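The structure follows.
Read from first to last, the chains carry the letters A, B, C and D; within each, the first residue is number 1.
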């Protein structure tokens, strides 16, 4: 199937542009195949280059609308400071040379998009647009945002199963998840700093749904032979009537990219749809797509799904 | 924990009464430990004896309300005929000696309860009160009904997971479930005729939720060493983007009786609550408790759960 | 990889010959794509045709040696009678028209090979050459035999794991195996009569190794979407110190034909090697290849492996 | 069952003696419930106290023979130095006050036993008697040694399954094992320093048997709710004919202490048996009991078992 698209993909080669590695972390930097690209200068310089690429792409294909979706490798966690709460201060900081990084690469791409009024989706746990100054810029530029971290496999199952245990009043004692896979994403997550970002978005779902905190453990390991086949074993220990301990285990064998791809396509459509209707800011009705939905504390997949169907019903009713 | 209740349980010995085996099937009949109890006579004779037991129990414990819940072993499927659609004809048939059984044992207990205006819950896949004449009697006697077949483990998971696959547009290719357990219920289900009833309620859930029919296989086997530990392996084969086949498997190790017990207690409370409020007929808002909910075609657990919370919200709003 | 062999395979088309369905059972007969081929006549007529095909194949490719390996679909169990113990009587019976089948198809192919002095391997649980008169013919024609039923997956694991439990004195309570797959073999085994043959060879291994009989259950189901991916779930329940019950489960996801193919190749080599050395009769040192090894009651895989390495060591020592 | 032994166990209270924590590591030290016991002084002082306890125990129960088996928590890895190769130098060092620890606690118990001619078994991955000077002392005192790290569950399965893959020429690509449990042992292994010792003995088995190194990952996590129920998920990725990737997974749910206990009892018997026969040094025929058998590089469980049965056969033949 993929080979049928080969010719089209090749003709799109000119759309693949060198990016920026500014503060993307060592694990990602080591995988870069264009060390010749200049990475220095002030951050706004990188933003300028990225914006030029966005605009050239739109012009080349004569597109009415554009949407930017971050599916790059997960960056290490980035510590927010005062400057990230104040759009003015942020602009100033991005235009000056600094020793301390102002923003990681994912956020430079985000700012570049938002500043041009382009919808931006963060399909990874990287910082992207998830800080107050970015939200303020989106309001100013009247564009839409969504994220963060696509919910494709193990976490999707958590957000489906945890409500069941809650509704049946089966108290969870522990939930252990072990993930193995061997694609580029896995290679980057093998670095403990990058993995940390992922574990944060994966680990909060269960206790958020339950309202109490069972012991939870999530681990991710890079296993080269698995390629894109993300395999997860989850061991769920729970307590039934009279305190009796029982066990549910599941095994997930999914092709990671092919689980993500249709979500990315749907997100692109839903972002463009919202922009056309003049919506602004974080699209909370897209919560069911994400492990850590922006602006939404609800993690129950079926309640998130209800938010999406309600949104559709309201738009149809207009 | 159970031993702490031993004295109370012993003092209740007088409440354990010989029942009827009329048309309960060979597998159940062979396990009966009171072959001396007379099983002959017309069916209404058995109903009379059962009603006397119900009333003696209520008098002995000075109870305001009573609820009858069928948790007996699963009977073989029972073929419905014209007489089961007509309450008058059924009454006549039950009062006459016949060669062809008019009703199985589960339905005699149901008729006995309903005829006295006692709420009746069918926690098994046996016939119980799931035929038109029984519903008509419930209307006449102004009592409430619910059933059928408690959703405790593997089927609960099906009704939770199938909607997830549907919402993510992951097409199911096949769903194979293999159940093993060693309690009395397992012993009876080892008879292919009784197993047939169970497989029917277990097997319809997935395709009903999806709206199309993947290959489904459900098997149940009696494994003595497992006692009450019902163990299920489910292999779910599905197709993602570009037709790629992926797999989810789960293993459920639950203590069957202790999963059923709290549902039975909650059902008793909810039945009595509804009767006090003057409700009549099948309580469709209890669908989330059952594999094959009476009067409801919805199998999605979260939609069923929503029916229950809506019911509660409405009653609170009065 | 397979497509690289396509041209060679196509040029071998003339080697694919219509066979016989005499007594192969209904399930196999329904899958036949050459209903035009005459299936009547006396059994020896079919043997004659098969022998002519063997000889034409050998001549066409100018081969010094030939080996016949049965990898056809599993036939239903075949009841042996007096005639199968007596080579003379069998010959007579095969040459006469009969109402009661004298031999199933697998045995006609076997007799055809043995009668020409060609080594014969039965990689299936079908009857093949596993009866006294066939052994007598192998002695007479001075050829070698091996079988029966290739040990490729779940049963291989049983013959590896059961000795571990025995050596650790962990008493097995029950061993449940559930197999699902969707290839032609699975399609034929979906017929309960053919499945019966398979279950017989699969179910004896555990108790034979242990010396006592825990409860064992083996089931096989045809699941179309799995194609050649044979998936097995085994639940092993055992008792440790102080009677404590513990559980091991395994999941096997193997490509059935590709597990069988290298064993078939090795068997061909080992059969030809033995024939060259003048060995005659059943080759018991090949036990590790089979679920139900001819002439060997040992099912412990590592003892069977030892038989093979001993054989090699002895031949090297000559 | 255990409660039946309660009285005997209580009467043995006087046999439970405060030990030494010298160099046992922080994780173990923090769990100690007798901080009042003096831990200072030279190492040989601790050995003296331990020897007095051994002798008092033997006298109290009038025992002909004694055996010491280390089942204490796993210590962090201990770096060997020149002094551990020279018995004379070691004795001197143990008798002097030092800043750098000479031996960890497990080895002080070992030296105490060996010095009295008492057989010593190391059922843990701690250092114990696994260094040249301890072996020399065993030769001098004419006593027997065995170890190290009891093979009870996941590693036992590795040493059983890896030979199967090797014999079938199925190339292993990766073997991932994830272990969770909640007993005291798990609590100590939660400390990365102690876990390191365990991972070393667990991780070498597969590649040692295969003769090449697939990617192997072993992880251990402390999950409180599991208590003594050690649960392991192993994902074995292997390559069959034509490079086709296939998967075997197993789930082990064993009660850790009850898997270890009978091995400990058998080891005690076999050590005393060997000592009575005048054997000296490391008992290599006990390899099948250990993850990392002293003096033996063979990890194939069935070859190790053969070593034990050969030993028995030889002794019976005398």
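List of remarks:
We adopt the following convention: a contact is a pair of C-beta atoms (placed from the backbone, for glycine too) under 8 Å apart; a residue touches a chain by one contact, two chains touch by 3 or more.
These numbers come from a predicted model, not from an experiment.
With contact taken as defined at the outset, there is no chain that touches chain A as well as chain B. Put simply, the chain farthest from chain A by mean CA position is C.
Chain centres here are Cα averages; for chain A and chain D they lie 46 Å apart. Separating the centre of chain B from that of chain D, both taken as means of CA atoms, is a distance of 53 Å.
Of all residues in chain C, those that touch two or more other chains are 247, 249, 251, 253. All chain pairs that count as touching, in label order, are A-B, A-D, B-C, C-D.
Contact residues of chain D toward chain C in the complex are 1-2, 156-157, 160-161, 163-164, 167-169, 240-244, 246-255, 258-259, 261-262, 288, 301-302, 305.
Taken in their complex, chain B has these residues touching chain C: 173-174, 176, 178, 180, 214-215, 217, 219, 221, 223-226, 231, 233, 235, 237, 245, 247, 249, 251, 253.
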